[in-house]
C-alpha cells in the first residue's frame, strides 16, 4: 500500500468517525457529556487537519477546540446547570 | 466512477462533513438551551474550517503532499524550491483558517459571557423560559405606564 | 532490503492496527455505561494514542517538522482531565 | 412538530449543498493541482536569490499571515482584543477583586502541574521563536503558553494564582505592551523612511524596488523572516496574556460576579 | 548507507512500537470488557503508558536510526522524547485527578467487579 492511498484512507476514516461524535453531541441532554463528545470530534478533526498537511492549524486548533472550548463550557455549566430541560 | 478509490474517499468525506454541518445547524436552530447552541455553533465553525482546508489539499503525483513549510533552505536552493512547490499544499486557506479559528474563539468567549449574564438576569438559559419572562416584563411595563 | 523500505513497510502495517484501535475506542464511547468519568477515560486513552500515532505518521510520511502537534495534543488533553476533575470535585472552577 | 420541520429543512439544505459540491462547485475535491496564487505565494515566501520580492520566511503559512496578508492579521488581532475587551468590560467593577479562596486539587496533581509548567513554557517559546522555520508562530505559541496559566488557575485556584504574582494588572500591562510593540513593528519602516527621507510602506518587511528599507533577513545564517519573527514573539505574548486575563475574570466566583448586577433591576 | 548502528536502533524501535500497538489494542478491548470504572483505570494505564510512552520512545529510536530523514530526524527524536516525558507525567496525574474526584463525590456507584 503506498502512502498516498493510506492518507486518503485516513481522511475518510477520521471524517466518518466524527459524524457519530457530532450527532451524539447534538442529541445528548447532558451538557457535560455533549462537551466531551465535542472534544472527541475536535480530536478527530485535529487528526484530519494533520493528515491534510496543515500542522499550523493543528497547533492552534488543538489549543482552542480541545483546551479552551471545554473550559468555557465547563465554566458555563458549572454556573447555569448541567442538564437540558426535556419536552418543552 | 465510484469504484475509483479517490472518488470514493472524496464522496465519504464530503457526505460526512455535510452530515456534521447539518447536525450542528439543527442544533443551533432547534435546540432551546443556549449552552447547547454554543456547543453546536463551535462545531459548525470547525466543520466549515475543515472544508476550507480540504479545498487547499491536493493529490500530488510524486508521493504524498508535504506541508507548506520549506525545510531545505540554504542560500542557493532554487531547484529544491521548485521540487517543493510541485509537492506542497496550498498555504492560503491555512492562513485564512488560522485567522478564522482565532476570531471564532474570541466571539465564542464573548457569547459565553453573554450567556452567563442571561443566566444571572433571568435565572435560566432555556430560550422558551426567557421569552416567557420577557413577555411578562413587557406586560408589567405596559400596565405601569 | 534497505533500511528505508524496511521502515516504511513496517510502519505501513502498523497504521491499520492503530486505526482499528481508534475505532474500538470510539465505539466504546457509544456504549453503556456512558457516564462522564467513563467518557473521560476513553477520550484520554484515544488522545494519548493519537499523539504516538502522529509521531509515527510523521516518520512514515517524511514530514519531520510536524512533531509539535503531538506535544500540543498531549498538553491540552491533560487540561481536559483537570477541568472535569475540578468540575466533579469542587463548587467553583476558579 | 416544529423540530421535525426544522430537521427537514436542514436536511434539504445539506443535500442541496452536497449535490452542488458533488457537481463541482468548489472544483474537484481534493484538487489535483495547485492554484496559480498558491504557487506564487510558495515561490515568493523564501528566495534569497531575488531579495526584492520575497519575505525570507521558509514557512509559507506564517509568511502569508504576517507578510503577504499582514493587514488582515492586524485587523484580526484587533477583533480578537475587541472581543476580550468587551468581555472584561462586562465585569468592569469586579474584575480586580480577589474573590473567595478557591479550592485546590490534590497534592499529586499540584506537583505534576508544577513540574510541567516550565516544560509547557519552553515548548511554547520554541514554537513561537521557530515560527519562521517550523510550523508554529505567534498564535500557536501563545495558545500553547496559555496552557500554563489556565491549568494553574484550575489546579491551584484563582486566589493562589493571584498571590503567586499572575495578577490582572500585570497581564493587562503585558498585553498592552505587546500590542504597542506589534503596532511599532508594523509602522517601523514608515517612521524610519520619514526620518531618512526615503519611500517606505506600512507593514513593510523586506526591501522593495524603490523602497530599500528592510528588517534583517538573517539571524547568524538562519533566515529570520525579517519582521515576521518580531511579530511572532509579540503576538505570542499578547495571546497568552489575553487568555490569562479572560479566564482570570471568568473564573470569579458567582457571588462576587453578581455584584456587577446590583441595582440593575432598579435601572442603574 | 545504513550502518550496523542504524539497523540496531531501527529494529529496537520497531520492537517497542510493536509492543505499543499490542498494548493499544489490548487497552481498547479492555475498555469494553472491564465492568467497573475503577478497573477501567487500569485499561487507561495500559493505553497511555504502554500504548503511548513506549511507542513514542520506539519512534524516537527509529527516527534516530533513519538516515533518509535528513538532519531533521533529530528534531523528530527530540520531539518524541519530550512528548513521551510529558505523557509520562501527565497521564498519571490526570487519571489520578479524575479517580480522586470520582471517589470523593461518588459520581460512579460501586459496581460488582466480578464480571471482569
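Note that the chains take the letters A, B, C, D and E in the order they are written out, and that residue 1 is the start of every chain.
Convention: a residue touches a chain if its C-beta (ideal position, glycine included) is under 8 Å from a C-beta of that chain, and two chains touch if they have at least 3 such contacts.
Computed from a prediction, not measured in an experiment: that's the story for all the values here.
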Given subunit A and subunit D, the chains that contact each of them: B, C
Neighbouring chains common to subunit B and subunit E, by label: C, D
Comparison of B-C and B-D by number of C-beta pairs in contact, larger one: B-D
Relative to subunit C, chain with the most remote C-alpha centre: D
Approximate Å spacing (C-alpha centroids) for the pair subunit D, subunit E: 32
Subunit C and subunit D: spacing of chain centres that average the CA atoms, whole Å: 25
Chain centre separation (subunit A, subunit E; CA means) in Å: 22
Cα-centroid distance, subunit A relative to subunit B, in whole angstrom: 11
Touching two or more other chains - residue numbers and ranges from subunit A: 3, 7, 53, 55-56, 58-60, 63-64, 67-68, 71-72, 75, 77, 79
Sites on subunit C at which at least two other chains make contact: 36, 40, 61-66, 68-69, 71-72, 75-79, 82-87, 89, 92-93
Overlap residues in subunit E, where contacts from two or more other chains coincide: 70, 72, 75, 82, 86, 90, 93-94, 97, 100
Of all residues in subunit D, those that touch subunit B in their complex: 2-3, 6-7, 10-11, 13-14, 17-18, 21-22, 26-27, 29-35, 37-39, 41-43, 45-49, 58-61, 63-65, 69, 72-73, 76, 79-84, 86-87, 90, 133-135, 139, 223, 239, 246, 250, 257-258, 261, 264
Of subunit C, residues touching subunit E in the complex: 2-4, 6-7, 10-11, 14, 17-18, 20-21, 24-25, 27-28, 31, 35-38, 40-42, 44-45, 48-49, 51-52, 55-56, 58-59, 62, 64-65, 67-68, 70-71, 74-75, 77-78, 81-82, 84-89
Interface residues, subunit B side, partner subunit C - complex: 64, 66-67, 69, 71
Contact set on subunit A toward subunit B in their complex: 2-5, 7-9, 11-12, 15-16, 18-19, 22-23, 25-26, 31, 34-35, 38, 41-42, 45, 48-49, 52-57, 60-61, 64-65, 68-69, 72-73, 75-77, 79-81, 84-85, 88
Subunit A - residues contacting subunit C, complex: 1, 3, 6-7, 10, 13, 17, 20-21, 24, 30, 32-33, 36-37, 39-40, 43, 46-47, 50-51, 53, 55, 58-59, 62-63, 66-67, 70-71, 74-75, 77-78
